[in-house]
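The structure's right below; bear with me while I get my questions together.
Going in written order, the chains are labelled A, B, C, D, E, F, G and H, and every chain counts its residues from 1.
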Amino acid sequence: MTSRKRATNSFKDLGFAKPEPHRIHRQGFPEAIYCPGKTEDQIRKIFAELLVGPGPVIATRIDPRVARGLVIEFPGAHYYEAARLVIAKAIYRKRGQPIYVVTGGTADVPVAEEAALTADALGRRIVRIFDVGVAGIHRLLVHQGTLQKAGAIVVCAGMEGALGSVVGGLASCPVIAVPTSVGYGAHFNGIAPLLTMLNSCASNVSVVNIDNGFGAGVIASLISK
Amino acid sequence: MTSRKRATNSFKDLGFAKPEPHRIHRQGFPEAIYCPGKTEDQIRKIFAELLVGPGPVIATRIDPRVARGLVIEFPGAHYYEAARLVIAKAIYRKRGQPIYVVTGGTADVPVAEEAALTADALGRRIVRIFDVGVAGIHRLLVHQGTLQKAGAIVVCAGMEGALGSVVGGLASCPVIAVPTSVGYGAHFNGIAPLLTMLNSCASNVSVVNIDNGFGAGVIASLISK
Amino acid sequence: MTSRKRATNSFKDLGFAKPEPHRIHRQGFPEAIYCPGKTEDQIRKIFAELLVGPGPVIATRIDPRVARGLVIEFPGAHYYEAARLVIAKAIYRKRGQPIYVVTGGTADVPVAEEAALTADALGRRIVRIFDVGVAGIHRLLVHQGTLQKAGAIVVCAGMEGALGSVVGGLASCPVIAVPTSVGYGAHFNGIAPLLTMLNSCASNVSVVNIDNGFGAGVIASLISK
Amino acid sequence: MTSRKRATNSFKDLGFAKPEPHRIHRQGFPEAIYCPGKTEDQIRKIFAELLVGPGPVIATRIDPRVARGLVIEFPGAHYYEAARLVIAKAIYRKRGQPIYVVTGGTADVPVAEEAALTADALGRRIVRIFDVGVAGIHRLLVHQGTLQKAGAIVVCAGMEGALGSVVGGLASCPVIAVPTSVGYGAHFNGIAPLLTMLNSCASNVSVVNIDNGFGAGVIASLISK
Amino acid sequence: MTSRKRATNSFKDLGFAKPEPHRIHRQGFPEAIYCPGKTEDQIRKIFAELLVGPGPVIATRIDPRVARGLVIEFPGAHYYEAARLVIAKAIYRKRGQPIYVVTGGTADVPVAEEAALTADALGRRIVRIFDVGVAGIHRLLVHQGTLQKAGAIVVCAGMEGALGSVVGGLASCPVIAVPTSVGYGAHFNGIAPLLTMLNSCASNVSVVNIDNGFGAGVIASLISK
Amino acid sequence: MTSRKRATNSFKDLGFAKPEPHRIHRQGFPEAIYCPGKTEDQIRKIFAELLVGPGPVIATRIDPRVARGLVIEFPGAHYYEAARLVIAKAIYRKRGQPIYVVTGGTADVPVAEEAALTADALGRRIVRIFDVGVAGIHRLLVHQGTLQKAGAIVVCAGMEGALGSVVGGLASCPVIAVPTSVGYGAHFNGIAPLLTMLNSCASNVSVVNIDNGFGAGVIASLISK
Amino acid sequence: MTSRKRATNSFKDLGFAKPEPHRIHRQGFPEAIYCPGKTEDQIRKIFAELLVGPGPVIATRIDPRVARGLVIEFPGAHYYEAARLVIAKAIYRKRGQPIYVVTGGTADVPVAEEAALTADALGRRIVRIFDVGVAGIHRLLVHQGTLQKAGAIVVCAGMEGALGSVVGGLASCPVIAVPTSVGYGAHFNGIAPLLTMLNSCASNVSVVNIDNGFGAGVIASLISK
Amino acid sequence: MTSRKRATNSFKDLGFAKPEPHRIHRQGFPEAIYCPGKTEDQIRKIFAELLVGPGPVIATRIDPRVARGLVIEFPGAHYYEAARLVIAKAIYRKRGQPIYVVTGGTADVPVAEEAALTADALGRRIVRIFDVGVAGIHRLLVHQGTLQKAGAIVVCAGMEGALGSVVGGLASCPVIAVPTSVGYGAHFNGIAPLLTMLNSCASNVSVVNIDNGFGAGVIASLISK
């Protein structure tokens, strides 16, 4: 186990992993721990190593049992169950234009919370507008005016995912669309809204992977600084 | 070549085809000639045979050269180039609630015209609302009130096809969504709007095949009678 | 938590959801609760809110345990286990031409019941014809005459889904085809019958999502009014 | 260029190809020349080499220009334009139960002819029943009785391909289903009927590749001997 | 519950199902009970009804618990666990040329047994050759001579499924290829060998659905009579 | 043909299209003309109508012949052949941090130019770094320092599209990844790099549709203002 | 049960399997036991039979319970849990240039260990470099010099799989890329990195199936001998 | 236009391209020019720049017209029409074990020649065995002995691509499998043999992209040195 330090390029070699605690200095956002496929022991060791840096330290898609172990071992860490996140050393001083996080339905809320809590940990202000899908579009239109105040908008939608384009057509900032795996049948676990969003006729919409709330939160934070 | 007649089940055996001129008596809509893969001579002979019935006689996706031959040979036939239709014996007496035919963009108009002209030939009244896609949704919302008068609505949309759900969320009649092949890249020649429409969060939306304006026109006519 | 009321556009803002109890006044069919991805508590609160409206109130794809809780809490609600529905405030006065609900096999019955019970709740008369798939098509042909009396036909079929086209070729009303996930191998959980139905050579067939009995029930009800 | 002969396993080494003129002795059906991707010169040399054997010699999917060159160079060869076949040394003495070749529509006829002419060349009797797709299933049912006389049935169908299952449900012999590329949109050049046929609820249906009339003709001939 | 009898077209209407006990008289093979999606009670009632006919009665993909109930209730029924079959009234008098059932590997044996036991129940002689995949093709080649005696060959193979073509290139009878779901990764639960078999360069190979041993057994029996 | 004006929501109704000349006031970027599927006459009329607004006016994927007609009719319009753009009324005063446009190879340049010229027309400064794909990654690494000055980076890459992640791992601003259709075989016209980019292990990467240089240019401009 | 011996082509016929203990003499690598779909008893009998040969004997993707039974029954066998391997008779004398096994992340380690332990058992020297994915490419570049000493490199990567191309662009030996199923959403269980690797712009990269560490280990061993 | 030289990492910056003439010193194989999507002028300039290095210089998938221009401008360059290659500065001194290039059919020869000529230019000895597909496997088995002399084997096969596994099962060296786009229907332009080869039950087979003869030639050369 050796430690390599070259300016901002430092990383720690744990053998099974090479965490980079100061990535936020290098890139403006931190390395996160994507938990699936890692053992509890590996997660714990990487989490400890990342805490050496300035934070925030974020573990995503974490198993409830592992999460509860982490918050006991590291008292500053918080567990957000619906969002499947453990976060430590969040940035408390908020700045920048608010980020709006919008969902098509109630079942999209966990992904939306992953985005919202990530951006919050990165020091951004968040406004949540949930369950405004196009089956009752008047629920979205009452917010049409305030959407203009957003620095960036994250839209989380499953089913047909039309909300991405609709919000794109109303907004004057970049929209990050997150297709969710909420749906059935020809939804194919998120392919339907993914394609919808990639083909958006509104030109200010870009897309991240299905259910990737974390990435959307990072990108919105980089935009709305 | 023999002719079989059993009540409404009559058909003519041409060897290569068995046209059914009186299908409209049996089903309320006529047999159409789907032209691709048929020779000019085959199309001409089937067209002639169907003219024996009460009509309308409709040839779809017809090649311009073949179409021009048909309208010369059968003076009552009309050629609609953008819609790729030749129609004879259209029903002139219109009845039923109007059918609204709506498109997301200008490039969807040919498919929309296939639907509109089919329903018109079947004796329905048509209202056209074109280029009201969700990139500028206020263009659709000015029509929100009149949409309530529709007996059925046909929505033709390419790109992400979000218009199907959005109209579904505003309408109080069945919506027949037609995904079009207008788009590029991850559009996959219409798969993107097809999936969008199949996953519509508005429950009054059913779907036909990509670019199937003819089928949408038939179904809307059966509904709005 | 605020309540917004603008004519028929009213909805209740619960934060995680914005239910619309009077959607049936606006669109002719009610908002349903799609249960997957919602917590028991969320389902219960939305159900209670929708009961403020005229009904019917329909929860789809509901978990048995959650369903049993609902019918205890809301005595007017009924649980239909095979169809995975809880329904309250069904319309008892039936009207319109009967809706035929047809299946290819026995395993398609749960989806068919979802469609039938939905249309029944919306005040339609239902005729059920089950297990008449094309492996023994004479079982369908004995019903050929009575099919002419249908105002709309819902066809639920898995395996190859050929029944959609076959019924389409016999009927004189719109056919709503519901591909089911019944099958294996190259069935791909319903893609095979979905494609079959989208490519129907009978022109009066439109399609809804795989296993979407609810949507088919709504559309058939809107047609057969 | 050397020639290797070991009993029935002989073949000729032309460098770019190793034709096997006596495959019919080894397997009961001859090697055919699949023309796409071969130069005219290569096709001509392989054709000449296969003529050394007992025949039949069959070139499939042949370009019209190349075909016309072949029939000039080899006077015993016949060109069937719609079926894209050149055949020499067909077996004139027919035997076995008749093979029925059935199509859903007129546009499926070229594939059907490829099957029919192949089986004919292999010495089988052929009955053709064309354009009996399920949009008007009574056209098929008039043949229900005679289908019982078939030794094997080849069903060629595009669009949704439901005819494969329907014929399978009526027949008492093996049915070889050939999906055709006739269709559009969600047909995907034959995938839709391919999946339909693979999922047939009639158990006597097996499937060959899209548009593979030749293979179906060979298999039907091996069955109906 | 009514019973309809028209010559061989009789069936019993159980409401949820319409079994046809004499299908073997009509088609030469019996109706089978595809168990997934049916309740135990439904399976038991259909099984009882089919026992009215001449048999064989075959329930496929049956759950072990349900199977054990059946063999207790119906003493003549046998349960074959690996093949997931319950069979009653098998035909004991065997006739026709032997059917060869061949597998690529050991994991393909359950599907192969489904085919073998089905054909056995239909009165055919079976020869089994297991684990002769192309990774060690000499294991197959030692059987090259005896393969010529087959009336039909069923090849069950997962992984890349090359065995279908290889056996096709050696045999002089029809080969029914059954892709199996044995594999991982880019195997896609059987799509890889399915495509392999559909594209076979040997022309005597036709294909059934992934893991469809039953269908292969039926077709081989119809061929090798 | 009527004109509707409601504050910034004005649009012109041309029947076949409803252009919105002042969309840049409403959203910060203008409506563009997506040319495929539109007739020359339609393009000309929409172009003329959009020129009423403040611009820029951008026609994308334009046919060379149509483009040459436009620049003759509208002298202020410029045609960029490789990028398939016609642009009029570009914003000449540049502001904001520079946008870097990077390509994997030479064949990606046309898409990159579509992005670069769009952002330039919207008043941004552009830095181009072409042909720095990962087959020779040292070509990219010489630019590692200057990439830190970017306000936003557009990465256009075909083949495997790895450049999106690699640049994402080096940058401290949002990266908009554009998969291109440059490749062959299992590239599937851009699906391979599309999936690569959607699965980027660098969290600051979002994605637009295959070959959608225009959208990437718009989004980069909105970010880097 | 008969045993056939012809030079190196010997195999043992166990009925359900035909193991080939001396395949390493015939091909330079041994037959392995792919465990899924085999019963414990079958695995045990094949393992015993392969032990007759010179080894190594390798069982892949083995269930923990079965593995523990094997190492008890065959004391020379070792179980590697993360790699899901049981290995006996590994070659202890190592030779050839070292094989580098590289991973993008920590979750790819089990697949990497399958490759490393396989090559080790075949008598190769292994160097492991784990968690050097392109999100922090400087972690890989510190190894750039030593990579030149590799005889072959195995790259195991999930997510977008860009590491395959990046290593390919740095190496001067063949790179065997193993896409892993580590990822989510549009990763499709490994399709995304599979396509990435197949489209590598570095020409020295070839690919094996998703998660196929065993195959990669065999091929690297054959190259680096 | 600037030139950067850092040891073996030198490259030339042409603006639209950054060719690396000495890549063969860095990696053991040269940079090739993938021609599709490049203009004639770009190809010519890159070709000229690469000629500064030691060679070989290889342009792949080149248009015939462009190729003829190159061989006129650069007299040492040769054009191989079937293989679509222009090659200059091939290595004349051959070394290493021979590379076998094998095809399933005649139509696979152009891809095979791309591989063979690439490896030849890199200084390897080539043995060609064409048209030995599994429809007549005895044509391959006559070469079984000589295959043992190969240092590496390239197998090019379309249709079902079974030849990859079959050769893998006979060989004792690495096999590089190249799926070709030769086929139709469910072949999907090479997906069928690609999947076949990725799922090979022979463990010594790795795969390159569809029709990627160049890559296979490079890899075989690196192995067989």
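Here is the rule we go by: contacts are C-beta pairs under 8 Å (C-beta built on N, C-alpha and C of every residue); 3 or more make two chains touch, one makes a residue touch a chain.
These numbers were taken from a predicted model, which means no experiment stands behind them.
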item: Touching both subunit G and subunit H (chains); value: E, F
item: Touching both subunit B and subunit C (chains); value: A, D
item: Same or different residue numbers at the subunit F/subunit H copy interface, by half rule; value: different
item: Most distant chain from subunit B by Cα centroid; value: G
item: Inter-chain centre distance, subunit E versus subunit G - centres from mean C-alpha coordinates, in Å; value: 35
item: Distance from the mean Cα position of subunit D to that of subunit A, given in whole angstrom; value: 56
item: Subunit B and subunit H, separation of their C-alpha mean positions in angstrom; value: 50
item: Where subunit A touches two or more other chains at once, by residue number; value: 105, 135-136, 169, 185-187, 191, 194, 198-199, 203, 209
item: Which chain pairs touch, all of them; value: A-B, A-C, A-F, A-G, B-C, B-D, B-F, C-D, C-E, D-E, D-H, E-G, E-H, F-G, F-H, G-H
item: List of subunit F residues in touch with subunit A within their complex; value: 26-29, 32, 169, 171-174, 176, 194, 198-199, 203-209, 214-216, 218-219, 222-223
item: Subunit F-facing residues of subunit H, complex; value: 4, 6, 9, 11, 15-18, 20, 23, 31, 34, 36-38, 42, 46, 61, 179, 181, 189-191, 194, 209-212
item: Touch list for subunit D against partner subunit B, complex; value: 105-109, 130-132, 135-136, 138-139, 142, 158, 182, 184-187
item: Residues of subunit C defined as touching subunit D within the complex; value: 104-105, 133-137, 159-162, 164-166, 168-170, 183, 185-188, 191-193, 195-203
